[in-house]
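The same subunit A turns up in both complexes below, where it pairs with subunit B and then with subunit C.
For the complex of A and B:
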């Protein structure tokens, strides 16, 4: 049964840079780009990998969508190189800190414009802010069900068989389509590295570009954002390290004192 | 000529960066450099990286030397282990693509592009290194076979490779004009290998190769009889760009390690990056790497444009490998005592850098080539 899959991806600052090189602009309340590369959020790549594997089994089509600045084209080219079928770039031309709800609203408008779909896959959260709300909000906007923290997707009797991670283990869910899934990482969905030829070909494939106006959303409202969510402060926590030696004549005495100090320190925390 | 990477090239670079970070580095950290890294070589084939500049019609990437050099540079941030394997694999591929007949191309190139077959290039002999015309390995035509007798040394991928491009003398007394190029497949009767040589840092897997009445079909002659020296030198001209590229990747890695160490290590109450003596070293290292990279890219650009590039390729090989030696030595210096420890990465890069000053024409030989080209122009 061919599945019509939409994967939403986000481009972020490479979270793998050495922590020493990481800086924040407290005033703008955002990370400073510095020498960091822009990369596709890893969980989004896990989602794309999951979609690719599903398509390899069931057939169908994968459309990748991203809402972002000009540079987002890179992330979409990479998705095409990984063998997504089509890519759509919704240009963010000036919304500085898109909140998860406005992102979900924009993505939902784009998905409605595309027409039919069976399943939308997103990363469980992004490696920059780690809010993890977009999938749920998108499902709400689209009026379909959502399943979160999924690490495996298979075709079931009349829908999809999902395996989702929980705090205590995992759950198996039988879901009917259409639906929205947020994907988490697992050994089965390590994103593939694209092949050289496909990287080169990706630059010859069409890439659809839409503006907010093309989507028929109220661009001014989107740019203004939703105010349920605000970053109040942004800082890099300072780690304070105090090293204390406990003394005592015997091992027992030292252990006793050590335990005592642990109780005092943790008690005051 | 453009000094920045195009978007395609940047994506290609990232592909290699991902492969290095995700597959190659963990593999080499776990398995070391003792055995040939077969899984990584096969993966290069899967990713389409094992035949970047060779023709699409035979399964190659059909890309230019600038892309090839970029891939080798990025791959060699690991040290040259994989980069030089790819560069050496490229020599027989280049020879077959340029001088091979249709049948030979069909038989070997697609499988080499998929990394199902590994290639080797066998020129050097115990008594003929720089003076490659002095090789003694004989190939005699008997019926419809050639029979090879002799010995090669320092053959990268010796014993591992499936396809050997071997230079041997078909007509004595003619010097360079008496040498011919042959394909010898692993398993040919009379072909055997010595034990693994142990070049410092172990980036190359080299062995002696012995031919003891080694019989190969006459059809394995590549190009015409007597063309072998030209064939070998043509391959090495392009090979020099690849050695330059691997050395630049290695040097850049050493520089990056050194740079971040200067902000970690403190002495006399400050980061060692605060000392001008260290800063000047870093500046010279960065300048050397960048200069070598520019000349290497120029050589690649000339080659891609169908212009003569020998002079620049030799300059690139000379400058890049000397830069790599200097930069890696200084990186060890900046790490101080820790730099000499096998628990830190820079000493390994330094040992590998030394090898690149010697292979594919020592840097003395590069100077000879450069001078010869200069004087040739003057005399014309």
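For the complex of A and C:
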């Protein structure tokens, strides 16, 4: 059964830069790019990998969508190199860091413009802000069900068989399509390395570019953002290292005191 | 006493005139078969891609004299030095003797006369015939008794030795029985033939010797002509192909051995990137397969093979040779001719309908043969020891990289841990994912300017990712910078603008990534007008020196050891205090073997210590890899098959307190290797720059104390 899959990806600052190199602009409440590169958010790549594996088994089509600045084209080209079938770039022309709801609204508009779909896959959260709301909000916008923290997707009798991680283990979910799922990482969805030939070919493939106006959303409202979400402060936590020795006459007394201190210290955190 | 000026012998003595034509017929037939054997191989080579290997004839001739005539590489090995020289020189002398006979008899020029007949045609030929017998004896002894692991034990090899032995033996019988039957007055000039004649005379009558001579003569003739006809179909073909292979060898350092690949062109034509089948090899690669003498030296020196891994350069060459001859057409995607082809898995019909030159349909080689399994290909450190060891100049290592190119670029099939390094080079411009260092951390507290800041830098210090981003190596590049400062060298670094030269990418097989990095780096260097580069990484050094010129990057490149040695020579650095520790030096492959820089780092050891470095058994050209080249730093080796631990063992065996190095990869690989053998003894790993800095610093502080 061919599945029509949409994968939403986000381009972020390389989270692997040395922490010494990481700076924030407290005024703008933004990370300073500095010498860092832009990369595709790892969970988004897990989602794309999951989609590619699903398509390899069931057939179908993968369309990758991203809402971002000009540089986002690189992330989409990479998705094409990994063998996504089509890529759509919705240009973000000035919303500094859009809130999850406005992103969900933009993506939903793009998905509606595309027409039919069976499943939308997103990373469980982004490696920069880590809010983790987009998948749920997108499902809400599209009026379909959402399943979060999925690490395995298989074709079931009449829909998808999903395995999702929970705090205490995992759940198996049978879901009917269409639906939205957020993907978390797992040993089975480590993103593939594209073939060089495909990387080169990806630059010759068509890439659809839409503006907010093309989507028929109220561009001004989107650019203004939603008020439920605001970054109040942004700072790099100061690391403190305190070394403390516990004393006592006997080993038992020292262990007792050691345990006591652990309770006190962790309790105050 | 007879007049020696009149000495000669009758050609075709004891052979009736009516039968002489039979010998000529055999001669022509054997030459025809031999010629066909050579032609057949050359025809197959022509199916390969082009390669320019006939330029600069004078240099090639020099190479031919050194390595084909004088066999400088062959004699590096104890046994071969003796037995191969005996057989080889014996063959030449005996062939000359036969030529003399031909000139005398067929051309009717009286040359086989007088003293020349006695000294050369009798005495020297006799002696060299014995040398052949001794040589074959040693070779047989080695095969039967010594049995070195690197040899290939085939019936063919035994048969060749046996045939040579029998040819030489029957030659002596012919000579001896002729001398015996004719009471040849000059017989003593052929001492061994004479001995044989004496021994035979004790048992045989003259007539019996005459009859035996007749039989031996024809046996000798059949053996010799049979051998000539058979040779081109065996490894004896090296008699022809080894000189050819040496003449057409690469004239560049082995560091420049990797081929250029026109990726754009391959994309357009649909040809595979890298080598998928024999059709993507050059004619020279194919000629390499045929030149192999199965001596096994490449595999014997291969570090991966030494620690028990699967990789065997010898078997790659031999398996591909067999495959090429088993599928002379299908291996190149050519429709099969009349010859039946049992090996064609695709079936004859399909093969016949193929278009000629449809290279992509040629039989794939990776994984199809035991020696070319991806696992084996991913064990090569590209150290080049195989190429250095090969007496006939086969280029094993570049072929491995050619096949890796296909795996990486067409199949995206490479070891998981390598994927991180490749992705990191792509996105971050360095292979060390997760490093917590920046490119300028090591400069803390030093006044090091970047090219963007410096106005009058004479030389660029290219730090390298391994130097800047691995904490251990920051000490080395710091020492280098401090030494340069002290000597008053006006230098600058690129700092955050520096990116990997692409060496690991290229050796892993990602030519596309290498090309991107090469273009970006050369553009940047040319933008700053860089003329001179010092680098403390031999891999960067090799890339600048041998690979960037084709991207428009022409620089004068120094390894830091060369530049520092120069500064000491010029008196700009004055180390006084000497280290009295015992020091050995480990040659980085990309500095030493691949680029011939052996002395500068040793000079620094000598300067910094009281003594010249202790030489390891495998050093200089024969240095043993640390295990970190060719992208292998980014692979998890099996615990019991680690190249660095083997090198650590060799280092510990020298009894040295310090092993001096000149490469950031060697530094970390050897430290790990020595740590793993910590139980044995502790040895410090120190870069030559660190040693020199210590000596220079000591001199200053001690000087200050004395004041």
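By definition in this document, the second predicted complex is superposed on the first by the 245 of 269 C-alpha atoms of A that agree within 3 Å, B and C clash if a C-alpha of one lies under 4 Å from a C-alpha of the other, contacts with A are read in each partner's own complex, and residues count from 1 in each chain.
One rule holds for everything that comes next: a contact is a pair of C-beta atoms (placed from the backbone, for glycine too) under 8 Å apart; a residue touches a chain by one contact, two chains touch by 3 or more.
Note that the coordinates shown come from a computational prediction; the quantities given were computed from them, not determined experimentally.
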{"item": "Contacts of A:168 with subunit B and subunit C, given as first, second, both or neither", "value": "neither"}
{"item": "First, second, both or neither for A:251, with subunit B first and subunit C second", "value": "neither"}
{"item": "Subunit B versus subunit C as contact partner of A:220, first or second or both or neither", "value": "neither"}
{"item": "Which of subunit B and subunit C A:20 touches, first, second, both or neither", "value": "both"}
{"item": "First, second, both or neither for A:157, with subunit B first and subunit C second", "value": "neither"}
{"item": "Subunit B versus subunit C as contact partner of A:232, first or second or both or neither", "value": "neither"}
{"item": "Which of subunit B and subunit C A:194 touches, first, second, both or neither", "value": "both"}
{"item": "Subunit B versus subunit C as contact partner of A:243, first or second or both or neither", "value": "neither"}
{"item": "Residues of subunit A that lie at the interface with subunit B and also at the interface with subunit C", "value": "18, 20, 37, 190, 193-200"}
{"item": "Partner subunit C, residues of subunit A touching it in the complex", "value": "14, 16-21, 35, 37, 39, 190, 192-201"}
{"item": "Sites on subunit A touched by subunit B in the complex", "value": "18, 20, 37, 74, 77-78, 81, 190, 193-200, 202-203"}
{"item": "Subunit A-touching residues of subunit C, taken from the complex the two chains share", "value": "263, 267, 273, 408-412, 414, 416, 419, 422-424, 427-428, 433-438, 441, 496, 510-513"}
{"item": "Complex contacts: residues of subunit B adjacent to subunit A", "value": "7-8, 10-12, 14-15, 18-19, 22-23, 46-49, 52, 61, 63, 260, 263"}
